Amino acid sequence: MRKNDVVLLAHGDGGALTHELITGLFLRYFPGRTLQSLTDAAALELSGGRVAVSTDSFVVSPLFFPGGDIGKLSVCGTVNDLAVVGAKPLYLTASFLIEEGLPLAELERVVASMAAACAEAGVEIVAGDTKVVGRGNLDRLFINTTGVGLIPDGVELGYARLAPGDQILVNGPIGEHGMTILALREGFGFAGQVASDCAPLNGIIGELLAAVPGVKLMRDLTRGGLATAAKEIALAAGCDIILKEDAIPVRPEVKGAAELLGLDPLYLANEGKFMAVVPAADGEKALGVLRRHPLGQEAALIGEVCSGRGNVYLKTAFGGTKFLDMLAGTPLPRIC
Amino acid sequence: MRKNDVVLLAHGDGGALTHELITGLFLRYFPGRTLQSLTDAAALELSGGRVAVSTDSFVVSPLFFPGGDIGKLSVCGTVNDLAVVGAKPLYLTASFLIEEGLPLAELERVVASMAAACAEAGVEIVAGDTKVVGRGNLDRLFINTTGVGLIPDGVELGYARLAPGDQILVNGPIGEHGMTILALREGFGFAGQVASDCAPLNGIIGELLAAVPGVKLMRDLTRGGLATAAKEIALAAGCDIILKEDAIPVRPEVKGAAELLGLDPLYLANEGKFMAVVPAADGEKALGVLRRHPLGQEAALIGEVCSGRGNVYLKTAFGGTKFLDMLAGTPLPRIC
Amino acid sequence: MREFLTKFRDPEIARALIKDVRHLATRVADRLGRRVVLMEVCGTHTVAISRAGLRSLLGDLLDLRSGPGCPVCVTDYADVDRMVALARLPGVTVGTFGDMVRVPGSDSSLERERAAGADIRIFYSPADAVAWAAAHPERELVFLGVGFETTAPAVALSIKEAGARGLKNFSVYVNHKLVPPALMALLEDPEIKVDGFILPGHVSAIIGRRAYSFLEAFRLPAAITGFETNDILEGIRQILKMMWGKEPRVVNGYTRVVREEGNKIAQREMAAVFRVGDASWRGFGVIPGSGLTLAAPFAAFDAAARFTLPPVVPRVPAGCACGEILKGKLTPKECRLFAVACNPTSPVGPCMVSSEGACAAYYQFERHYGERANHA
Amino acid sequence: MREFLTKFRDPEIARALIKDVRHLATRVADRLGRRVVLMEVCGTHTVAISRAGLRSLLGDLLDLRSGPGCPVCVTDYADVDRMVALARLPGVTVGTFGDMVRVPGSDSSLERERAAGADIRIFYSPADAVAWAAAHPERELVFLGVGFETTAPAVALSIKEAGARGLKNFSVYVNHKLVPPALMALLEDPEIKVDGFILPGHVSAIIGRRAYSFLEAFRLPAAITGFETNDILEGIRQILKMMWGKEPRVVNGYTRVVREEGNKIAQREMAAVFRVGDASWRGFGVIPGSGLTLAAPFAAFDAAARFTLPPVVPRVPAGCACGEILKGKLTPKECRLFAVACNPTSPVGPCMVSSEGACAAYYQFERHYGERANHA
Amino acid sequence: MCLGIPGKIVAVSPEEHMAEIETFGIRQRISTLLVGEVAVGEYVMVHTGYAIEKVDVAEALERIRLWEELLAHEGVFDEVPRSGDRPGTD
Amino acid sequence: MCLGIPGKIVAVSPEEHMAEIETFGIRQRISTLLVGEVAVGEYVMVHTGYAIEKVDVAEALERIRLWEELLAHEGVFDEVPRSGDRPGTD
């Protein structure tokens, strides 16, 4: 019988094949000493700030897409959640949920991609878990990552700090990840013409915080997109937010695909974009810092905070104003 | 149209329904202040030891079983991984992976059970995540929990400390969780006659560590069972382990079901059992401490550490000796 | 392409058009002693108007009302219930445009049926549905033929294609509707007070300007209008000009796409595959000659005939003003359920669920219109 | 129940039996000038011996060899390949006892086919497989009829049951084998040197002690033996006694379950549903009259006839000594692949994969037998 | 009800009645069955994967010309009325 | 090859040819078609959900009696031989 080339249920039974998978694959790509010790829990070195923790599960389909794959995504997603609360991401746990029959070569590609993303973001995988479920009980591969970071003393971000006049920035064009995945999933002909923006933001955010200590709040613009994030901020902070439509960067191909499908880029997911709220006086400076970073070359000042009761308004290019709400329902291609 | 009574894809789109699920369900059962702040990452209070982190995903089917459910399991599993490295479990993250169509009432039962288990274990859920995938892409509900705890200064567990003569204890009868799930999954008539041992072990372990500071190593006996855990310890510590078959507690119904199905309780999973290695002189004392705790009334001294090269031996009731290896392949009911 | 298309959304031109529209509207409103009431018949216009924020710029002078032009909104409860019943049949895959997925029937929707295990697939094009059926001979693919004259020709071609390929597992639940008879029904309702019509650009691309000549008898100004912001402003401007000049006509404001006679090929394809029949519209009831059914040579592709469905007993939700809104008698904010019991995450009526439904558009973009003043 | 059954696993009694067995074995071995070679024909005995650690207690005096009595081990590569081919058929669900799932064929196994998308279901009883087929009329359930005389009557009843219920989607891939012809084949092989046989208790419950009378011609001692540790020790003791007394016979050491004539009802059911035919055994080749096929009235349930399978070209892995091990010519440790290229997570032969396969039992329980001395 | 998107024909497969359009930087294959023959460089309006009509570029340019004229004559109505006392907005 | 488990009949459904057995504290429904009529209190040997034979309790008790005799006569062979110089174990 030929050698194992796919994941079997037995790879997840906690026995010899699990051991083989851990030592033969995971430990090879994640060489950190903590993980190698293979204990039930990892003991971490942490000092010099408050500890930040964030968790996310990744269920993207397909697993590989222009601009990334589920492995890169699972590292970036959690790194970004830590980064936007002002933490320096340090450690990740990784839990793999695998459907029986996944080619081991695909798993290895994903793991290699995670390792590369960890190196880029400067984080270490310190604990892991692997479960295998029967065919049809899971779509190929899901990954949970949970991140641990340190919020340096002095960094104090929070909704409460928002005040009228604060400037809102975004580090680049929106909607790319969401459109890439939708196009692939629905099999649109233009699938290859858009690419995910998936990237670790801790580098650019670190530079922003260093240069502009007055940063008040940040959010990564994942599911629900810019509009939903803005709405959540407005609600949580008890203020209004006004965004300027023509200031919000959107790449032409995303705009075109969105028109074709009747979708609004403001509600499409991003995986390498964040918005930052800075005091009015720091707006231009923050913009300059962002633009000097490779992940912020198309950064823009896109709006401001106003007194209010949790509403978000979009000033349209035509001078009109419209109300933005949270996303209601997964974006589906429309024809009407 | 009737009100939502099942989870829809839209509950996972990061928009309004996701918000509704978080505020209407999760925040109601997990009232900790950190989670309520709904930021991208939680900031934790942690001081007085090394930080321990552990992650596990739970994919048990069926979701509800005698002795527990996936919610209780997901809390206990991670609490136990922290406890066996000597940490005091403090915080959990919880990530829900949900199949479209899951009744909201079932989700609520699971969440309520998690809340109860958190209360019992004295841990707080500080961050969460929810993903919904299309029908057929996931089997009802998976949960990932990642735990953060503190290893008090002075607690130093590790494979390196093992020495010949060390005594090995288990806190009670083995194989109950594995047999319960197998019987339910395969629809055996005796399914209702066995119950999972699912329980948080941080309480009993805390008492053991307090009374017997010499404890050298602990492992929870999950997938792969006692035999696999013993083998992993022997390999990692570079010693041999001898277990005494007739000292290992197994409930009659588990023994009976295992015989019926041709399975070995030594390889069945547990979710409320751990083994501890203590210096020879502490064996009886440790046994006494365990037996005074409700989760250790049937605790037993089951073997000892010997010099060697990573082998595990079982002294059978008949005076014979056999070699134990890791589990190879998920236990399947056999007829031959 | 972009070289000239961008002009149709150019903010400079928009500013000039708005200025002109406001000037005209002021004069017309002054003469009427009230705001000018215009109905955008097409749901895509409703969304475009909301997206551009035009109500915030013109709402003090113009009362822009949505009409019966959102195809999923006008789909009868009984039809949604039958689509749900089709989705529940074993072995059946329902293929649909994304728009229908969340539309509520009496007690379910396609979205809920999918959650309950039904196989619902979203197609961008009916041609994709045919290709899927060919690749999955073990499933019955029932495509939901929803939409007006714009969409019906494409569905007609897909049925011919399925026939040419000899597909036995493809059928269509035909629910196409025609715009002119609905306009006629509106005009015949004495309660309806509309000063002019913004006519649907892409329906008109198929049927041509000529198809609206019956409007002239009612002496109401109407403009066929495209969907770019400046197209819409231009259409409004033309209507206001006609009102001011008291010269009501049906003008073609979308000459780059709409011809006097329409698209003859599309008309021929529709005529080959479909026959005109009566249709039931939500809020209107049966409008004679307002729907399409399959012509005899294509009867084999009729899902309604192929499958035996349980009888449906549609239940219309109490208090939902969708019917009145679709006729332009009320605006969404005048429904007492709006933003109270009814919102996009738990919609009572279809107008709240379709992204081009009037209630959804108002909820999404203009719910707090009054509160906005200080930031606008 | 437990009141008397526990005596069959009572360690006190075991100790006394071991003492007696060692005493007898010493005398017999001294007389032979070598260890006494006994073959446990039944794989369940192999596992029970390993589990109890009996080799560690008797191995210096007795050479306990596994025989051809693990039904999955003796399943031919060609048969596994056909089972794999059945699993690959669209619409087919393969029902099997858990034991077959990991058995390697030429290039796949049911476990791998499941990972590749096949629907493989494990049943504890063939009756459950019939019930499943009745509940899933849209699937073809093919049950793998694997096992010796112990299992064949239950499968026979399930086929009758399927017939009585008129099931059209249930069939059996019949691969049952008979023990006596295999013993005969062993005895006829001049290379095989075995001093006595530990005979399978549950096969014997069906066929009766009488079925082994042919053994007496070979003047080899044999004992029908149960599966509790003390049963096995008793069986060995009886064989040694016969050897010492030079009175070889076939004794029934399992009288609480095995009758002289066996289970007549079970024999009748088997005879009604099956016919005896030749069968191919892994390691042995074709043994005449050693297998079962479906009798004419039940031919409709024959999966091999119902489905057209691609021709299989079995490939036997180079170096695997399974065949020799199944004949008792070699012990697993004498295979040069044992614990080197071949282990339970990547088995080369079936003897390593079944939990009652000789190689698996040795690997699992006795691999480091030599190293154990210091702790034993 | 009828989302349409304009596109420029960048490739044609007349025997299949298909064409490739480019619109806002993305390319998409569409059916030309409803519009008859098309040539590279022409513009079409696309709905549900079918071109439903050709775009008449001359008409488009004429419209733009008229608007640009309007822009040039801005200020003709120098006092744009503002409402304030009219009944509330919708 | 043939895992069997002994069980005590605790309930019978003769018309269905089924019975419930208890074994090591667990209960399981089995078919009695291969053993004919059974009564509560009898013992059967079960394989793949079917009783394949009744357990003869008298025979079992007789075997136990013989073993207990052996136990009582232990020490008859007072010098149990130990091997040491024989070829290696298997």
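Order of writing sets the chain letters: A, B, C, D, E and F. Residues in each chain are counted from 1.
Operating definition for what follows: a residue touches a chain if its C-beta (ideal position, glycine included) is under 8 Å from a C-beta of that chain, and two chains touch if they have at least 3 such contacts.
Computed from a prediction, not measured in an experiment: that's the story for all the values here.
S.K.: Where each step is a move between two chains that touch, what is the least number of such steps from chain B to chain C?
M.R.: Each step joins two touching chains, and the minimum needed here is 1.
S.K.: Could you let me know which interface, D-F or B-D, is made of more C-beta pairs in contact?
M.R.: D-F
S.K.: I'd like to verify one number: the distance from the centre of chain D to the centre of chain E, where each centre is the average of its C-alpha atoms, in whole angstrom.
M.R.: 77
S.K.: Rounded to the nearest whole Å, what is the centre-to-centre distance of chain A and chain D, using the mean of the C-alpha atoms as each centre?
M.R.: 56
S.K.: So how far apart, in whole Å, are chain C and chain E when each is placed at the average of its C-alpha atoms?
M.R.: 19
S.K.: Please tell me the distance, in whole Å, between the geometric centres of chain B and chain F computed from their C-alpha atoms.
M.R.: One centre to the other, that is 36 Å.
S.K.: Indicate the residues of chain A shared as contacts by at least two other chains.
M.R.: Residues 9-10, 16-17, 134, 188, 252, 262, 325, 328-329, 334-336 of chain A touch two or more partner chains.
S.K.: What are the residues of chain C that contact at least two other chains?
M.R.: In chain C, residues 2, 43-44, 55, 70-71, 97, 102, 124, 128, 147, 151, 343-345, 356, 369 touch at least two other chains, as defined above.
S.K.: Which chain F residues touch at least two other chains?
M.R.: Chain F, residues with two or more chain partners: 1-3, 23-24, 47-48.
S.K.: Which two-chain combinations touch?
M.R.: A-B, A-C, A-D, A-E, B-C, B-D, B-F, C-E, D-F
S.K.: Would you tell me which residues of chain B are touching chain C in their complex?
M.R.: Those in contact with chain C are residues 1-4, 6-10, 16-17, 20, 100-101, 134-135.
S.K.: Mind pulling up the chain A residues that touch chain E in the complex?
M.R.: Against chain E, chain A makes touches at 188-190, 193-194, 251-253, 255-257, 259-260, 262, 334-336.
S.K.: Provide the residue numbers of chain B that touch chain D in the complex, in ascending order.
M.R.: Touch list, chain B to chain D: 186-188, 240, 242, 246, 261-262, 264, 306, 308-309, 311, 313-325, 328-329, 332-336.
S.K.: Quick one: which bits of chain D touch chain F in the complex? Just the residue numbers, please.
M.R.: 1-2, 4-5, 7-8, 12-13, 16-17, 19-20, 22-23, 26, 29, 34-35, 42-44, 55, 59-61, 63-65, 69-71, 97, 124-128, 147-148, 150-151, 153-154, 157, 200-203, 205-206, 227, 230, 234, 255-259, 263, 265-266, 269, 331, 333, 356, 369-370
S.K.: Within their complex, state which residues of chain A touch chain B.
M.R.: Checking each residue of chain A against chain B gives 9-10, 12-19, 38-46, 50-59, 61, 80-82, 84-85, 87, 91, 93-97, 126-129, 131, 133-134, 136-139, 142, 144, 146-149, 151, 219-220, 222-224, 228, 232, 236, 267, 269, 325-331.
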